[in-house]
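Presented below are the structures under discussion, each in the form of structure tokens.
The two complexes that follow have chain A in common; it is paired with chain B in the first and with chain C in the second.
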Partner chain A sequence: MAQQPAPQPTPPIPTVKMKAKAGFEGKPVEMDINPAVGDLKPWDLDTKFSVMKGRYPRLEGPLKVTGRAKYTYDIKLPGMLWGRMVGSSVPHAEVVKIDTSKAETLPGVKAVWTTESRTVRFAGQDVAAVAATTPEIAEDAARLIEITYNEKPFVTDLEKAMEPNASPVYTPEQVPGNASIPRNGNILGPQTGRGLKRGDIVAGLAEADVRVEATYRVSVHTHAPLETHGVIAQWEGDELTIYASTQGVFTVKEGVAEALGIPRTKVRVITEHMGGGFGSKLAPSASGSQFAVVACRLAKSAGAPVKLMLDRKQEHLCTGNAPSALMTLNIGAKKDGTFTAIHHKSYGSAGIAPGAGTAAPLSNLYQTTPHILGEDHSVFTNAGPAAPLRAPGHPQGAFGLESAVDELADKLQMDPLELRRKNDPSPVRQMQYDIGARAIGWERRNKKAGVYEPASGGTPSRSTKRGIGMANGEWNVVARGSGVGCEVRIHRDGSVECFSGAQDIGSGFRTAMAIVAAEELGLAPQDITMHIGDTRWPEGPGSGGSNTTNSVAPVVRQAAYDAKQKLFASVAPALGATGPDDLEASGGKVFIAAKPSKSLTFKQAAAKIAGEQVAATAERKKQYELYRSEIAGLQMCEVEVDVETGQVRIIKMVSVNDCGIPVNSMTTESQVIGALIQGASWALFEDRTLDRSYGTMVNGNMESYKILAPSDMFEAMSILTPVANLGNNTSTAGIGEPPAVPALAAIANAIFNATGARVRSIPITPDRMLAALAEARRRA
Partner chain B sequence: MNRFEVVKPTTLAQAKDLVQEKPWSVYKAGGIDVIDHLKEHLVEPPRLVDLKGIPGMDAIKVEADGSLRIGALVKLANVAADERIKKTHTALAMAAGEAASPQVRNVASLGGNVLQRPRCWYYRLEEYKCLKKGGDVCYAVGGENRYHVIFGGGPSYAPHPSNTAVALVALGASFVFDGPKGSRTVAASDFFTLPSKNPEVENVLLPAEVLTEIRVPAATGRSVYQDVREKQAFDWPLVSIAVSVTLEALVVKEARVVLGAVAPIPWRSTRAEAALVGKPFNEATFVDAARAAIVGAAPLSDNGYKVSLVQTLVRRTLAQLA
Partner chain C sequence: VTVEPRVTLLRALRNELEITGAKEVCDRGGCGACTVMMDGRTVNACMIMAWDAVGHEITTVESFGTPEKLSPIQAAFVECDGYQCGFCTPGMIVSCTALLKKNPNPSLDEIKAGLAGNLCRCGTYGRIFEAVGKAAKVMASTKPAAMKTVSRKGE
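Moving on to the complex of A and B:
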């Protein structure tokens, strides 16, 4: 997600100069960096780890697999009521009347809320809510609320919304977004983001010997986390506790406090375990709903805690989605494959919200191309607002860009991997090309698309064809340089607690932070008791943009280091050391560095603490200088296509990723495999379908909104290529977004290699595959 | 959710009385389809009469002549796993085994699968008061119709969802009912009805009737079932097919070709059958039958691809039997 890093503090904080070894094994680079005074030297290529980079099951794994982990959905409080939202049933209207009288008189109904907004712009927008003693009564009451609408014309289709006479979603003065962006009807743009304009695009295309111009489409994809959005709101006097299924406990705290007009000190938000979000749970409530605020109001007015979880249909309608895209790519190259220009022009709809851009991958990929231009347009439609979804805009954009690069390779009769390599200045990805090619068996691909070669494997028959394709991915190191804290306490009995308010979105954050603390303290991860997901603990970021680990890990390390120094000070006399600087902690022992035989176990050492504990709190001061700001990655894919039925089966996907220095290789790989599954599901199945005449979602469930299931699963392989990036004292980077970027294009390119048919629309369903095959036959 | 009671009688007579006693009461077998209807408020019965307490309706019997008598409460998983059915009535075991997911197949009954209502997304959404719910519009026309019918449509275009029904029609099965007026047996090929007759129902089931048994005659030839879907499991076929063929000296003596997910009923392609009977059982005949099968197809705006899927599946399925 494109979370803005917190602004760097001004005036500049005092720094120190140091050197560290950046890059990756085989290609080290000595770099000068300037950490803040008191900050630790980053872990780098020379660091010998004892805990980091290992493979550790999640600390909370046993709780989860035995059902003892309490997700928000599982929490029940004494006297708790059940809330339920009521959304608009029409896509565009003035609300004339909301009659709640029947609902209010239903026995068991304790509170009712109605919206103050008179305009609804999408089906599913908040209109009313109820709280009752049982979920069944709440549902009945919700159905008894009678809403009178004055319906207005609407538009839900992207291309129809672009027409000059399309029904306007907003009046000109209501259009959201930056006023400096040109607007024309429902279209906002063009907008050229950072790093998306270089040289002269017209001249660059004119210099080309070979050009590809093609248009690509992507359907709207919804996040569909297993746990829907929801909260439990509990008032005790004027103190409010919110149990939330959120990616940002501090965001919920701030947003709810502001909406209710109460001090932030009165609000506590807790997320112990989290059932998935993928970017949709970064808002205080959701991109298209205020349900969390409503739950707090219902609880206040009823005088009882209220649990309000959205149902599956509401989850699809009002909690966000990945925008649609309609992209035209224009690439020019010299005969030898050197790119001269890339023009990425994009239209997309984020529903009633702006922010449907897709050109961003061009700012990272092929940076030696002399002439580039990215032009994004957001098109308003009467549909639920989008929300960040794993590298927002990048999977769509990479589908366009990386499909077009593949088409160019075909036109140039070049190996698509070699064409990419030729135009890629990233040393990291240059290394990754070889690793990915080896893992998929790149040499097995069909030399001529659609022409089967025995080496490509599988069972050749008249109807099934196999092929191999690839696509590049990218992302940026996103981290908070300030506004992140951590506390570490070492108790007198040798037990250790680590406190970070940030929540575990499901990536294994809790375990990763225990690993960082354990590395610094010379302990094992299970020796660290983690306290996370609670606004009572030091501030942490929202889990978005692949920023959580590399924002929080450095303060965990720093706090562990500072607490360790205090422990060393307590224990130095007993070991006969002159001071804490003579000591080291490793392997569960504290010892004199110069004389390791002079040691105490960690427990014995802790017993020397004068009081009950030593504690240290650290705060992030600044982000260090980065080896590279781009996180590089690529994916390779093998597919089998039944050319008579149009069914596509993925055989294998390989994801090669820069992940900084991985903290926990097991959960990092797991996160990558999750992205492969999500990408494959988007590529082949997922498609939010709004009825063209009525504007409501016809597949707002898990039956017709199709998500990849075990039978569709393929061999998923994650290969991590550690890179010491020096961006923080742990050299970690996030991995949530990068592997989500290339999948759509890698799959489509593999399909082309298998069949010779180019599918330019996502999802690639049998009907689209059959149409593309027919088109390929017509051309041949 | 409206309040309703669940009663679990132990005899069919009690069950029939209980359903008739309170108007709009419904029977429940595995419950897969009924509970979906309840949750979406498509039906709001005062009473659910659970048939699972009635003994004797959950057995698979093979008679001396090789015919099958399958109790309506037999679970799909048991139909799919029955070695006898797999051997003699292969299409039925395959269709049952491909349905939904393992969890659903372990709960859903064969009778319930045959009687389930369409999965059309407009029918399944309370807010669309379509022809099937007493309204006057089929929203698939001019709407989102990529999964709808290409044969037998009008005025409603929802495909029949049961793929075991497709196999049962191909195997010449019949259904035994017990109702207020006594028992009757209806051939599977006569049981399902087109929307042109009455769009609100898919068959000739009478009020308060219970499907008690599925009878399948001894197989004279071989049968097979196939389908094409988007997802490999837990998805509804885009097109399904069951074929039963009896050969004599490599010439087709009898053939039944039944298509699913393309019509409001399991769709017997009499044209494909005519193209097979009396012909040598070879690839040329399969191609002719496949071509015959798509004659008369009338796709809507977004489901033309089903025509080519039908053609492919007819040819392939016949080839699989060769």
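Moving on to the complex of A and C:
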């Protein structure tokens, strides 16, 4: 293992004092901020945008709709071989022997790899790999590899794994995770993370007039991006080029260089277009596989480029998933609804990995509650390790917390929206409650759950009932304050290039960065030629935690500004200006700010550049002070339940979310709508099912691992509430995670309002719905 | 093109002819990402052996338009943001094209039914439905003679 160098003490960064108008329309807040010297004043509530107020189609759109966009999966290099991973067919075993002799002698097979690890802990774990001249020969060769296992007992079910005599996934000394966390059999915990403990939970619950205690369950969800994980590895001498379907080109570069023991300077990683990841593609290879490193080794030994894409089943098995959860919520409140205490005790299984982390939302929501305790437990099972999925842990945790809040409202006979409003210190969400209520028509909800009121709309038949519910969600502002760069070049012919190594995972990052540069340069987004997704360009972050835009946009703006100043210096004499500070660029023109009639077109101005181009490289120096360190949101949902068949149909979902100042409302809304749909899909359908007897995945495909299809579609609405959040010079924040949090609970709460039946397990399948209806009838 | 008998139409298109618009996602006809037209009818190219396609007219997403000159459906996808990662898009475009040829003015329910075999994981269905509606309007306002007719055979 490489030793990490000791962290160097960072010298203090010289700063300047500035004022900015933060907050949102109707509630501005004058803030003092201290950016680094040379950093720009942030865009704030006073900023008059000329480009960023628009809605822009994606720059790469024409390539995507004509089938011309080349994804990793589409690349074919001369002489390229086809690689294939071979995963363990059993969930827990010692590998006794891997016999590759038959595979090696198969005509067309050019390279074979076998694992050095002798232990497998989940079905699908890397054991061997081959590279051959066609994908079909590679499949044959994979089948010819004979693996002898010494099988061990295994456990795949969360609750079974918690039993005292459950078969251990790890021996006590092998258990991963921080040694300070208590461990007991397959259970790692309790762990109380940052922000999950305040006051005295026992005293807080004792102070309550009304209490709700309930247990909730959430299934394992797999990311299932349409483009599976994969790479093409190409060696030219000792130089390695990797085309990767990844969320982090720099992560791949660092991870592969370290695994192969070669300098990072020899590795280049390229991701031009990427077919979905949702958090699963943040590792150098994947959370449960080393396929990228294996592909590089196969390519080296075969002396030819190797394309190695996982197949659909492998994608489900070894590239990550969102942990299951088994949560007990205990909430206490005074008669007037004021929360006294919230106890969130959570068990979750991230398979063989630690860190299920499903009590997380308690560290964000209802921060004025005097007594809280969140206790996380990771339960090991013989299943593939989890990977971050849009807002890791939060959708599961919020399903528990926000369902329990809804149950408390029912017990208090309070409007659940008013109960939340009463306990919510977020000024942003206080504004969002009214917007969401108007958008869904909150007043139409059944005043008594399950008792239909004509105002609730629809045309309920004898067996269908409609209802409306809601849930909150929150995510923290995550940004890189350093280690992010950008270069902008203005050419003599007026063309502009912008270089950022970060990748576009489908979020619209490429277009958003062109918009930021265009805003600064007074051009249109399509005037900017974007170069992204390549480790040759300035460093960008991995696209996770909703940090890409707000990490990179500030350096794009800074580089565009710095290049513009150089352009202005070249142009100033021709316009009769005393210097660059007298000039402005807007609407495709460069002009004297005090006398806009003295102007040149951008193209004419660029012609004054002495050399071929002016260029500027910017790096992030530090994060600015934030208006709010959270990104707030809520969701409203209307459902229709057929009480005879248990079928749930979503009629409408509304997301109201903050994301700082949105750069491109069109693509930002698309991302939010995507979160609503993915949430609805998890809430109603998604459930990774492992065979109890064999430990393998039963539905490792796309017809039995059901995801939401066009016929299940509902009216999905995204309302963005812009907040000048500062934090960086663009006031951007993230949107990938925040809207992924509330959906599960919003849907379950709407179902309760429709039927009076409380479903406490995700996915809400017809059998669970019918069982909950039967239970509700028994109680009534 | 000469391929082994077990090679699918999809892999022959992608790996031999390097026509890579159609994607292999589920490899068992469950997601529609590999949708192409065979004699004008939509099929999952992963479910058809290459040699069963011999002598048939295969139309892929690449033939509907170019980045410089988009078809009305392709243009509507761009305008309505009918994709995020874009991996399902080629299959969606083929299915939408087939849908509008059969039914030039589909209702929302007819659009949903027409796209029932195509999955999108990023969650863009609503935008796609909008794009189909928009394309239908654009196509209705242009002369029918401008539309290419594709002969249908072998139903």
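Odds and ends about this structure:
Just so it is clear, the second predicted complex is superposed on the first by the 770 of 780 C-alpha atoms of A that agree within 3 Å, B and C clash if a C-alpha of one lies under 4 Å from a C-alpha of the other, contacts with A are read in each partner's own complex, and residues count from 1 in each chain.
Here, a residue touches a chain if its C-beta (ideal position, glycine included) is under 8 Å from a C-beta of that chain, and two chains touch if they have at least 3 such contacts.
Just so we're clear, the structure is a prediction, and the values are computed from it rather than from any experiment.
Once chain A of one complex is fitted onto chain A of the other, the partner contacts of A:Val65 are limited to chain C, with no touch recorded for chain B.
When the two complexes are overlaid on their common chain A, residue A:Glu625 makes contact with neither chain B nor chain C.
Using the contact criterion defined above for the overlaid structures, shared-chain residue A:Ile677 touches chain C, although it does not reach chain B. Contact with neither chain B nor chain C is seen for A:Asp200 once the two complexes are overlaid on the shared chain.
With both structures placed on the common chain, the touch criterion links A:Ser711 to chain B and to chain C. In the superposition on chain A, contact is made by A:Glu136 with both chain B and chain C. When both complexes are overlaid on chain A, the residue A:Glu254 reaches neither chain B nor chain C. Between chain B and chain C, it is C that contacts the larger number of residues in chain A.
When the two structures are aligned on the shared chain, A:Asp582 is found in touch with neither chain B nor chain C.
Shared interface residues of chain A (contacting chain B in one complex, chain C in the other): 136, 703, 708-711.
Here chain A touches chain B in the complex through residues 89, 136, 139-140, 143, 463, 644-647, 649, 684-685, 689, 691-694, 696, 698-699, 703-704, 706, 708-712, 765-767, 770-771, going by the rule given at the top. Of all the residues in chain B, the ones that touch chain A in their complex are 1-2, 41, 101, 119, 121-122, 125, 127-128, 139, 142-144, 146, 228-235, 238, 302-305, 308-309, 312-313, 316.
Here chain C touches chain A in the complex through residues 4, 6-7, 11, 14-15, 18-28, 30-31, 33, 60-62, 64-68, 70, 73-75, 77-79, 81-90, 93, 111-113, 115-116, 118-129, going by the rule given at the top. Taken in their complex, chain A has these residues touching chain C: 57-58, 60-71, 73-74, 76, 134-136, 224-228, 273-276, 278, 311-312, 505-508, 666-667, 670-671, 673-678, 681, 701-703, 707-711, 713, 715-716.
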